[in-house]
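Below: a set of structures, written as structure tokens.
Both of the next two complexes hold chain A, though its partner changes from chain B to chain C.
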Partner chain A sequence: MTEVIIVSDGLLERKIDVQAGQRTDLVLLVYPGVSCEVKMDVRLLGEGAEANLYGVYVCGGSEKVRISVEMHHDVHHCNSRQLFKGIAGGTSKVDFYGKIIVAQDAQKTEAYQENHNLLLSDEAKVDTKPQLEIYADDVKCSHGATIGSLNEEEQFYMRSRGITLEDAKVLQMISFIAPVLENIQDESERELVSTRFEDAIRKLSK
Partner chain B sequence: MSDILLKIEGLRASVEDKEILKGVDLTIRKGEIHAVMGPNGAGKSTLSAVLAGKPQFTVTAGSVEFMGQDLLAMSPEERAWAGIFLSFQYPIEIPGVTITNFMKTAVNSHRAGKGLEPLKAGDFLKLMREKMAFVQMKPEFAKREVNVGFSGGEKKRNEIFQMAMLDPTLAILDETDSGLDVDALRIVANGVNALHTPEKAAIVITHYQRLLDYIVPDVVHVLKDGKIVKTAGKELVAEIEEKGYDNL
Partner chain C sequence: MSKDKEILEGLTDKEYEHGFVTDVEQEFIPKGLNEDIIRLISAKKEEPEWMLEFRLQAFRRWQKMPVPEWAHLDIPEIDFQDIIYYAAPKRDEDRPKEIDPELEKTFDKLGIPLHERAALAGVAVDAVFDSVSVTTTFRAALAEKGIIFCSFSEAVKEHPDLVRKYLASVVPVGDNFYAALNSAVFSDGSFVYIPKGVRCPMELSSYFRINAAGTGQFERTLIVADEGSYVSYMEGCTAPMRDENQLHAAVVEIIVEKDADVKYSTVQNWYPGDAEGKGGIFNFVTKRGICKGSGSHLSWTQVETGSAITWKYPSTILKGDHSSSEFYSVAVTNNFQQADTGTKMIHIGRNTRSRIVSKGISAGRSQNSYRGLVKMLPGAYNARNFSQCDSLLIGDRCGAHTFPYIENANKTAVVEHEATTSKISEDQLFYCNQRGIGPEEAVGLIVNGYAREVLSKLPMEFAVEAQKLLQVSLEGSVG
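What follows is the complex of A and B.
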């Protein structure tokens, strides 16, 4: 079952050890107004261990959000996947630091990490540093990071159908974070979280 | 009440300081279908984008009146509420937004614009099913992301589906024939024809005669280098096909 963590102000530190054949699924949620430092340290310690980390952060004011993830693949045949998506508006500042470390013995590792960001204002700042440290030679690893803004062609298309600019932006932002929220398995919890983000995003785009 | 729907006078527009429309005059009355033809780069797509209010274009001179209102003073969404619909030459893909969600937002925005309550979920879905069947779109498209992974024909059918949902007074079809095989062309054209009434009008923008075999225009204009250089009846289409744009 996926663990959902609603991050509050301040420091959140988690060390997670995943043993052979075990699996960990985690979704981190950072709502507007929350300034935090999240430090995740995950170790895949036995064959067949799997870790899936997901995260959403939405900042519209002067929040400072710092997320760092270290994913250690210590042994062979382990999988990890990370997807973090965030929206930075106002004068907020986001730092994302993600590192995948694949030990020499960790052959047949599959490790993926993605961090995608939407910048809503000129004053907001996003810094993303994905890193790979690979000491094994038979692995599948990838990382990707993007920082972009809301697509104006999409906005005009929606507005030409009568959707207000404000609603168009809300639709764009909700669809942007949806791939992360989809990983919340419990349907009622997922709907609750989606609604809360939608309300928060609607306030941001006013 | 005048039967004039759209009155364009001396319209000049530019994009990134490059003038594309250099004084366009065009009057469209209720019940009329106008074809705007012209070579590539003549400004056909610019004209449609300016009428729909695309922010990247700057109107530098002239006026556009739609049903007595100053169209140029309105936002793109206000123009849609007033009854203008643009079928895009290249419909935009919107990942993560389903057609259902997209159309529900659009339909209810129109209703809010007219001071009406949102449509009941059941009524909305019924309307969707009816209009999708109208353009022969399979029901499963309702759950698909807007235009993502659609073929050229599917995108254009989706445009006409949206037009059917929103029921505009003035439809502007920008190169709706491009990228369509003959079957898709027929479905799209039949859709446009079926939606046309004596109270409405359409502007069909096209490079070729093909679409105009199916959607027969009342008036044909030739746009060249940002100006309408010739206006006549539908016989002009055959003349263009025969002589080309250069010899007009």
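What follows is the complex of A and C.
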């Protein structure tokens, strides 16, 4: 079962140990107005352990959001996946740091990490540091990071079909964070969260 | 056929092929580092007062600086008082204008002929042996076009205005520990000036050779490409095999004016140490260029196969609007080698573009890291960066690491980064083996294919050498 954490102001520190054959799924939600520092330290300790971490942050004011994830692959045959997506507007400042560490004996590891960001205003700033530290050779590891703005061609497509620019932007942002929210298994909870983010995004684009 | 044979021979030849020592009479200054030593170096080079002042100022800054420790490297403590900072082959008093035949033979052996008639067609060479430049070829032919290509020491004497204008304008004296050290004790290097609108008709190249034991090499290179000019510059280097570690701390500065285009290529083949990790060069260099004017372009290509430890981040400051820069790198580490290398792309101007392609290959017990910074400043409207960093692991006792830093403060700027780490797949090897290609050869083939995107950016003269080098560096790493 996926655990959903609504992050509040201040420091959130979590150490997670995943034993052999166990699986951990976690979704982190950072709503507008929340300034926080999140520190996740995940250790995959037994064969077949799996960890999936997802996160979304939407900042429209003067928030400061720092997220750091360390994913330790200590033994062989473990999988991990990380997907963090965020929107930075206003004068907010986002820092993302994510590191995958694969120990020497952790062969057959599969570890992936993605961090994508939308930058909405000139005063907002996003820094991202995705890192790989790998000491085993029979592994598949990758990370990807992007910082960009909303695609204007998509906006044009929607506007030429009668959708206002404001609505188009909202749709773009909703679909941008949707891949994270999809991982909330409980349907009613997922809808609740989606609506809350949609409202927040609507306010943001005004 | 003969080329194939050469490659095969290279594969079976276990020795570092440039590891010989040239037996020439050399003059040394005493070991150690203090203001008197710096005055002595400056006096040996008959430098003007301002140059000495520059050195002393750098030395005073350096004394207060801590040794950088942030890199993913295990660097043994270096005793800076145990290094000879200046070593030069003695000139024959009777024939001061001629090159010592021993030196000529050395460079011939390295494949760098110093006679213009014998030289590689279309490549001008500045050959640096320990602390001095031995000769610079094709100077007259280049001077006809107004191009200045000479050793740094000569430039200080003959073109002081240009040197004073640009020296330390891209890498300030106090930029970092090793740049400050270099500014205090630098010996020789190359100076290039391409005047307005001139397209340099041949490749310019510098070849650095460390020969003397107990010394360090501190070269300084300054390249200025004036408005609308073009130059392609290549750098190569080798050193003898020794059990001691030798320090090489260089500074390269490149100034690219409006609409100018500079292509800078390096094939770094310093002695990497033996299979047990003994000896080898510590290669701690600062290379930086500035795209000063609008529409300027700077391209870095590097093939890093040598050195016991590499600490190197060729960078570009994209100041001019519409300027662009690329960084293509292949870094190979084997045995106990360590490399922490990458680039910095600082976007200041509008519509600036940069592209990073880095291919790391680690084998044996080596550690290979990519470290890079992409920074979009608030004024970098519509700036764009794409980075691709791949690592290939050969063997289960080596490490491959990726440390990108991405900072964006402009909403119209777009930054993309992706990195992967993997090993040569069994399927690829099986495919080759099935067709009669042995495991070692197959690895060479796959690695060359993997690095092709970067190798294809090298000037032709270098590309062949680089390909061979890749094979030799990896030999013994399979099975």
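As a working rule, the second predicted complex is superposed on the first by the 206 of 206 C-alpha atoms of A that agree within 3 Å, B and C clash if a C-alpha of one lies under 4 Å from a C-alpha of the other, contacts with A are read in each partner's own complex, and residues count from 1 in each chain.
To be clear about the criterion, contacts are C-beta pairs under 8 Å (C-beta built on N, C-alpha and C of every residue); 3 or more make two chains touch, one makes a residue touch a chain.
All values derive from a computational prediction rather than experimental measurement.
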| item | value |
| --- | --- |
| First, second, both or neither for A:Gln107, with chain B first and chain C second | second |
| Touching partner for A:Gly148 - first (chain B), second (chain C), both, neither | second |
| Which superposed partner A:Lys125 touches (first chain B, second chain C, both, neither) | second |
| Contacts of A:Tyr135 with chain B and chain C, given as first, second, both or neither | second |
| Touching partner for A:Arg159 - first (chain B), second (chain C), both, neither | first |
| Touching partner for A:Asp167 - first (chain B), second (chain C), both, neither | first |
| Broader residue contact with chain A after superposition on the shared chain, chain B or chain C | C |
| First, second, both or neither for A:Phe176, with chain B first and chain C second | first |
| Of all residues in chain A, those that touch chain C in their complex | 104, 107, 117, 119-122, 124-149 |
| Contact footprint of chain B on chain A as seen in their complex | 152-154, 156-165, 167, 171-172, 174-176, 178-179 |
| Chain C - residues contacting chain A, complex | 72, 376, 378, 391, 393-423 |
| Of chain B, residues touching chain A in the complex | 52-56, 75-77, 79-81, 85-86, 88, 91-92, 94-97, 101-103, 105-107, 109-110, 113, 162, 166 |
